[in-house]
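Structures incoming, each one as C-alpha cells.
Shared chain: chain A. Partners: chain B in the first complex, chain C in the second.
== the complex of A and B ==
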C-alpha cells in the first residue's frame, strides 16, 4: 500500500545542509572579513525553496494516487534496534503531512526572503540564517517523521532553534532569559511527550512503532492506557503550542528578531502540537474524555489570551497573544474531533499570522525598533503597502467573511456546536468578538489617527521590495486560503477536508443547515460588535489609556508569571540552593573530603620516620634485615 | 676453629654497622661499609675452607672487585658532596626530611 519515494529524505536535508554550510561559512569568516550579505541571503533561501519544490512534487505524486492509498514512505536507515523496539529513520508523506509540508516550506521560504531585508546590517547575519535553516529543517523532520520517535527528533530540534533564535540578540540579558524560559517551559512539555511515547510503546509498540502500525494496532490498547497516552502527549502539545498552563513562554519569545516570531508563530514550532494531536487522531478519536479536556483547555486558553491581548501595548505582544488565542481555537477544534477543521485553521492561520508579523516587522523596521503602539499612529499615509496588507491580515485574523480566517474559525465553531459542545461554542464566539476588538485596536492605533511621535513618523517609509513582496504574496494567501475549504452552505465542497480524510480518523458532524447558519451568524455578529467597539474607542486617535481595576490586572497578565515564579521557580531555586548548601557539603562531599583528611593524618604520623639522615635509613635497613633474618631462621627450624 | 673466624667476622660486621649508623663523617661511613664487606668476605672464605670447594673464594674475589669499583664511585660522590656544601658531615645532607 505504501509507495517508496527517495526524494522525501531530501526535503529536510536541504535546509539542514544549508544550516551546516552557512554555519561553517559564518564561523570561518566572521572573525576576519565578513562575507557580503547577499551570499548568505541567497544560500539561505536555496534550502527552503528547494524543499518547497519537492513538497510540490510530493503533492503531485500523492494526488496521482487513489485517495485510500495516498502514502509515500522512505526509509533512510535503521536508526536503532533494541529488543522489541525497532526505529527507522524513516519519512512518511500522507495528505496530512503533505499539507503541512506545503505551507511550512512556502511560508518558511517567504520569511527567509523577507529576512534578507529585515536583518540587513546585523553583524551575525550568517548565524541568523544558519539557525533559521536549522529551524525549518527540524520542523520538516517533525512533520515528515514516520513515527513518534522521528517526530520527537524534530520536536526537540525546533525547541533548540527557538531557544537559539529567541536569545539571538544575546547582548541583552532579558533576551537570554526569554530564550531560557522558552527552552525550560518546553522541556516540561517534552517530558510529557516522552512519557506518553513510552506508555504508547508499552501498550502496543511491539508490533511496530510507526504511525501506520500504531494505527492498525490501536484497538489493542487498554482504554486507561489510551487515556494516559493522550493526556501525556497533550502535555507535550501544551508546551510546544503554548496552551494553559505552559503558554507563558510564547509572549516572551517576542524578544527574538521579528522574522523569527513570524516563523515560530506561523510555520514552525507552535503548530507542532496541533499537528501532533491530528497525527494521533486515531488515538484521540477513541478517547472522548481526552478530547474534551483538549478542547476545554484550548478554548480557555483562547479566552485567557484574548483578555491579555486586549491590554497589551507592544505590537508584537498583541500578535503573540492572538497566536496563543488562535492556537486555543485549533485545540478546541481537534478536541471536538474536528481534526480537519483544526488543521485547516493551522493552515490559514499560518498565512495571516506570518503576514501580520512580517507587517509588524516592517513597521518596527521603519520606526527604528520602536514596538510600543502608543508611540505610533497615522502610519497609513506613510506606509500604504504595509497598511493594506496588514488590514487584510487583521480581517482574516478577526474572522471577517470572506477572508481565510472566517472559514476556518467558523468550521471549528460549527463543529463544536454540532457535536453538542455548547459551552465551547459560546466561549469561542465571545473570543471571536474579542479577537476582532484587539486586532483592530492595534490597526487603528498604529495606522490611523494622528502621529504620536513626529520624529519617527517623518522618517517612516515602506520597506524595500524584498520585504514587501512576501507581504503581498501572504496577503493574497490570507485572502484566498479560506476558499480552499469552502463549506457546502456556500456552494463549496470542502476540498481540504476531503484531501485530509485518509490521514485522519474523524466523522464529520451533521448538524443541519440551521446550526450552520446559527454558527455563521453568531461569528459575524461577534466580529461586527468587536470591530465597532474598537472603532469607537480608537478609530479617531486615542491617547494611551491609564489602566485600573480589571484592566490593570489583565495588563499584568493576571500576574501568572509572578504566580509561577512564586509557586514553582522560587521553591525550585530553594530546593536547589538547599541541596547546594546543605546536602552537598554534608552528604556527598563529606566522604570525599574525609578520605583526603585520613591520608593527611596518616602522612603526618609517618612523617616522623623520614628524618632525612642517611645513617638513620641505614639503621632502618639493618633493623629490617635483622627482623627478616630472625623470621627466616625460625621458619627454617 | 671455624667458630673463631665467624665470631671475628660478626664483630667486624657489627663494628661496620655501628660506624655507619653512629659516625657522621662521610669517610668514616665509607670505611665502615668497606669493613662490612670484608667481614662478609671472611665468612665466604671460611666456609670455602670448611666445605673444601672453591666457590667461596670466587665470590670473595668478586666482592673485592665490586668494592674497588664502588670505592672509585663513592669517592667521586664524596668529592661532589664536598663541592656542594664544603662539608663532609652527613647530617648536612638531609633533603629527604619529611
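== the complex of A and C ==
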C-alpha cells in the first residue's frame, strides 16, 4: 500500500547536518576570530530551504497517487529490536504529515531568514543558528516519524532545543530558570507519552509498532486500555502544547529571542500535541470519553489563557497567552473528532501567529528591546510595514472574515455545535470575542494614540528588508490560507479536509445550513463586540491601567505559578533535603553506624579484662583449666 | 594465541600493577606504563569484540582444572551480557591516564590492578574464581580511597569496608552452600556457574542463600537501602576511583545478579522479584530526590549514579527480555555518561579548587567544548532520545509496565527526577554569570578534547544506531528466558502455577 521514497530521510537530515556543521564552526571559532555573520546566515538557511524543496517534492509525489494510496515510506535502518519489540528508524509521508511538513519547512525557512537580521551583532550568532537547525531537524523527525517511538525522538529533541533557546541569553538567571521550567514541565508530559506508548505496545504493538500497523490492529485493543493510552498520550500533549495543567511554561518561554518564540513557541513545536492526537485519530475516534476530556481541557485552556491575555503588559506575553488559547481551540477541535478542523487551525495559526511574533520582534528590535506595551504607542507612522502586516495577523487571529483564522476557527466551532457539544461551542464563541479584544488592545496600544516614550519613538523605524520581506510573505499567508479550506456554504469544497481524509479517522458532521449560519453569525458578532470594546477603551490612546479586584487576580495569572511553587516545587525540595538531612543519617545509615559503634562498645567492654598484670592472666588460666577439667569429668561420667 | 585473550586482558594489567608497586619507577613512568597497558588492553578488547559471534553462549572459553578434589577450575568466558561490561571497562579506563595532573605511583598501580581484577570477575565462569577476583578488585579501591582520597576519606573507607566485608562473607557462605548442594544432588564436586542452574533448591536454606547472594550484590550495585556507603565513598575518592566505581564496579553487582541469582535461584527470584523491583524503584526515587539538595557537585553525581543504578537493577528484576536487555544496554550507557561526568567533575575540581556548585557559574562561555561534552553526557544521563541513555531506559520502563503497572509508572518518574537535579546543577555551574573561581577556567586542552571525543561520539552512536550493539546482547538475554531443557521435560504440562511444588515432590 505504501510506496518507498528514500529522499524522506534527507528531509530531517539536512537541517541536522546543518546544525552539526554550524555548531562545530561556532565552537572552533568563537574563542578566536569569529566568522563573519553572513557565512552563518547562509549556512543556516541551506538546510531549511533544502528541506522545503524536498517537502514540495513529497507533495507532488503524493498528489500523483490515488487519494487512498497516498503513503510514502522509507525505512532508514532497524533502530532496535528485542523480543517482540521491533522499532525501525522509519519515516512516513502521508497527507497529514505532508501538510505539516510543508508549513513547518516553509515557515521555518522564513524565520531563519528573518533571524539573520534580528540576531545581528549577537556574540553567539553561530550557536543560535546551530540550535535553530537542530530544532527544525527534530521537528521534522517528529512530523515524519513512522511510529510513536520515532515521533518521541523528535518530541524530546524539540523540547531540548526549546530549552536551549529559551535559556539562550544564559547569563541572566531568570532566562535559564524559564528554560529549566520548560524542560521539566515538558518532561512531566513526556512521562505520560512514554507510559502511553508502553501500554499501547503491550496492547497491540507486537504486530508492528508503526502507525499503519497500529491502525490496522486497533480493533484488538481492549477499551479500557485504549482509554488509558489516549489519556496518557494526551498528558504528553498537554505538556508540549501548553494545556491545563501544564501550560505554565509557555509564557515564561518568551525569555528566548523573538524568532524562537515565533518558530518554536507559536508556529511549530507547540502544535505537536495537536498533531499527535490527529496522528492517533484511529485511536481517539473509538474512545469518546477521551475525546470529550481532550475537548473540554482544550476549551477551558482557551478560556483561561484568553482571560490572562487580556491583562498582560508584555507584548510577547500577550501573544504567548493567545497561543495557549488558540492551542486550546485546536484541542477542542480534535477532541470533538473534527481532526481536519484542528489541523487546519494548526496550519493557519502557524502563519498568523508567526507573523504576529515576528512583527512584535520588529517592534522590540526598533525600540531596543523594550517589550512593555505601555512604553510604546503611536508607532503606526514610524513603522508602516510592520503595522500593516501586524494588523493583518491580528485580524486573522481575531477571526475576522475573510482572513484565514476565521475559517479555521469557525470550522472548529461549527464541528462542536454539530456534534452536540453546546457548552464547548458557547465557551468557544465567548473566547472568540475575548481574542478580538486582547489582540486589538495590543494593536491599538502599540501603534495608535500618542507615543508614551518619546526617546524610543524617535529612533524607531521599520526593520531592514531581510526582516520585512518574511513579514509580508507571512501576511499573504495569513490573509489567504483560509481560502484553501473554504466550506461549502461559501462555495468552496474544503480542499484541505479532503486532502487530509486518508490519514484521519473522522466523520464529517452534517449539522445543516442553519447550524452553519448560526456558528458563523455567532463568531462574527463576538468578533465585532470584542473589537468594539477594544477600540472604545484603547483606540485613541490610553493610560496604563491600574488593576484591582478580578483584574488584578487575572493580571497575576490567578497565582497559579505561586500555587505550583507552593504545592509542588517547595515540597519536592523539602522532601529532597529531609531525605539527605534526616532520613539518611538517622534511618538508612543508622545500622551501619550501629555496627561500628557495637565494635567500639565490645572493645571497651573486653578492655576491662586486659589489665596487664601477669598474675591476673595466670588466674584466668587457672580458672579456664578448672572449668575445662570440670566439664571433661562431667562428660566422662 | 587468541584463545587466551581473556587471560591476557585480566593478567596483563594485574602483573603490570604489581611490578610497578615493587619497582622504584617514577610517577611519570607509572602514568605512562598505565596508559600503555590500558591501551593494549583496549586493542585486545576491540579485537575480542569484533570476533565475538553472539551465539548467546560463552565464547573465548578457557578451562583449566585447578583444585580437582573440589571441582574448582580456572575457567573463563564471555557472553553477550558480560561482553559489554568488559568493554565498558576497557574503553573507558584509558581516559583516566590522559586527564588530571600526575599522581603517585601507587595510584596508577592500583588502577591497573583493579582493572585486571574487574575483568577477571566479569569473565570468570567458576564461582570460586569469581569470588577471588571479586575480593581482589576491592583491595585497590580500599587503598586508593584510603591513601589518595579527600579530607574525609577515613570514615568513607571504614564504611565501604564494613559493607563489602559483610557482603563478601555472605557471598562466600552462599557459594559454599551451592557447591555442597551440588555435591549432594549430583555426587560430584563442581563450582562451575553453568552447572548451578541444574540445582533444585527449595526450602528455607535456599531462600537464605538467595538473600546472601542478593545482599552481597545489592551492596555493590548499590540497591536501596544498602547504598549509604556510596555518597561518602564517591565523594571522597579521587576522581579516577569514583569513575572506576561508578562506571564498572557497580555494574559487576548487577552482573552478579544476572549470572548467579537469576539462573540458580529461579524460584526464589520469581517469588521475591516484586520486592526487589520495589527496592530498585524506591532507590531511584530516594537517591534522585536526595540529589537535588546537594551543594557538592560530586556528591550530587554520586546520588545521581545511585539513582540510575536503581533503574538498571529494576530492569533485571522485571523478568522479561526487554527490561533485561535494556538493563545491559543501560549499563554501558550509564558507564559512558555518568562515568564520564565523574571525570569531568574531577576536571572541574582540579581547575577551580572547589566542589561547591554555587561557587561556580558561566563556564559554558569560558569553555564551550567542555560545556558541550558535559551537556552531551548529561543529556545521555537524563535519557534523551538520540543518546545512549534513552534506549535502555525506554526498554526498562516498557518491560516494567509489563511486569507490574505500578512499578512501571513509578519507574517512569526517573524521566522527571533526573532532569530536575541535572538541569539545576547545569544552570548554576555552566550558565549564569562567572564567579571568581570560574573566571579563568581553562578550556579542555587539544589532547583532552581528542581523547574524550570517541566516548562522546559513542554516546551519540549508541543512541542513534543501537542495533549492532543490541544484536550482540539479545542472543544471551533470550537464553535467560528460555526455560532449561530439564525443567521443561519434567514439568507437567500447563501447570505453571505449581511450578515450585512439582520440583519439591520429585
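In this section, the second predicted complex is superposed on the first by the 581 of 637 C-alpha atoms of A that agree within 3 Å, B and C clash if a C-alpha of one lies under 4 Å from a C-alpha of the other, contacts with A are read in each partner's own complex, and residues count from 1 in each chain.
Following the convention adopted for this analysis, a residue touches a chain if its C-beta (ideal position, glycine included) is under 8 Å from a C-beta of that chain, and two chains touch if they have at least 3 such contacts.
These figures come from a predicted structure and were not determined experimentally.
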### Message
For A:575, using the defined touch cut-off, is the partner it touches chain B, chain C, both, or neither? Pick first, second, both or neither.
### Response
second
### Query
Is A:622 touching the first partner chain B, the second partner chain C, both, or neither of them?
first
### Task
Identify the partner contact of A:183: answer first if only chain B is touched, second if only chain C is, both if each is, neither if none is.
second
### Task
Determine, under the contact definition given at the top, whether A:455 touches first (chain B), second (chain C), both, or neither.
neither
### Query
Among the partners chain B and chain C, which is in contact with a greater number of residues of chain A?
C
### Task
Determine, under the contact definition given at the top, whether A:614 touches first (chain B), second (chain C), both, or neither.
first
### Query
Taking the complex as given, what residues does chain B use to touch chain A?
17, 20-24, 29, 90-91, 93-98
### Task
Can you check the complex and tell me which residues of chain A touch chain C?
23, 26-27, 30-31, 77-83, 85, 89, 149, 152-153, 155-157, 160, 163, 167, 170-173, 176-177, 179-180, 183-184, 187-188, 190-191, 194-195, 197-199, 201-202, 572-573, 575-577, 579-581, 584, 588-589, 592, 595-596
## Note on the structure
Touching chain B in the complex, chain A uses residues 606-616, 618-619, 622
### chain A-touching residues of chain C, taken from the complex the two chains share
158-159, 162-163, 224-225, 227-229, 231, 286, 289-294, 320-322, 325-326, 362, 364-365, 368-369, 372, 379, 384-386, 390-391, 394-395, 397-398, 401-402, 408-409, 412-413, 415-416, 419-420, 423-424, 427, 430-433, 443, 464-467, 470-471, 474, 477-478
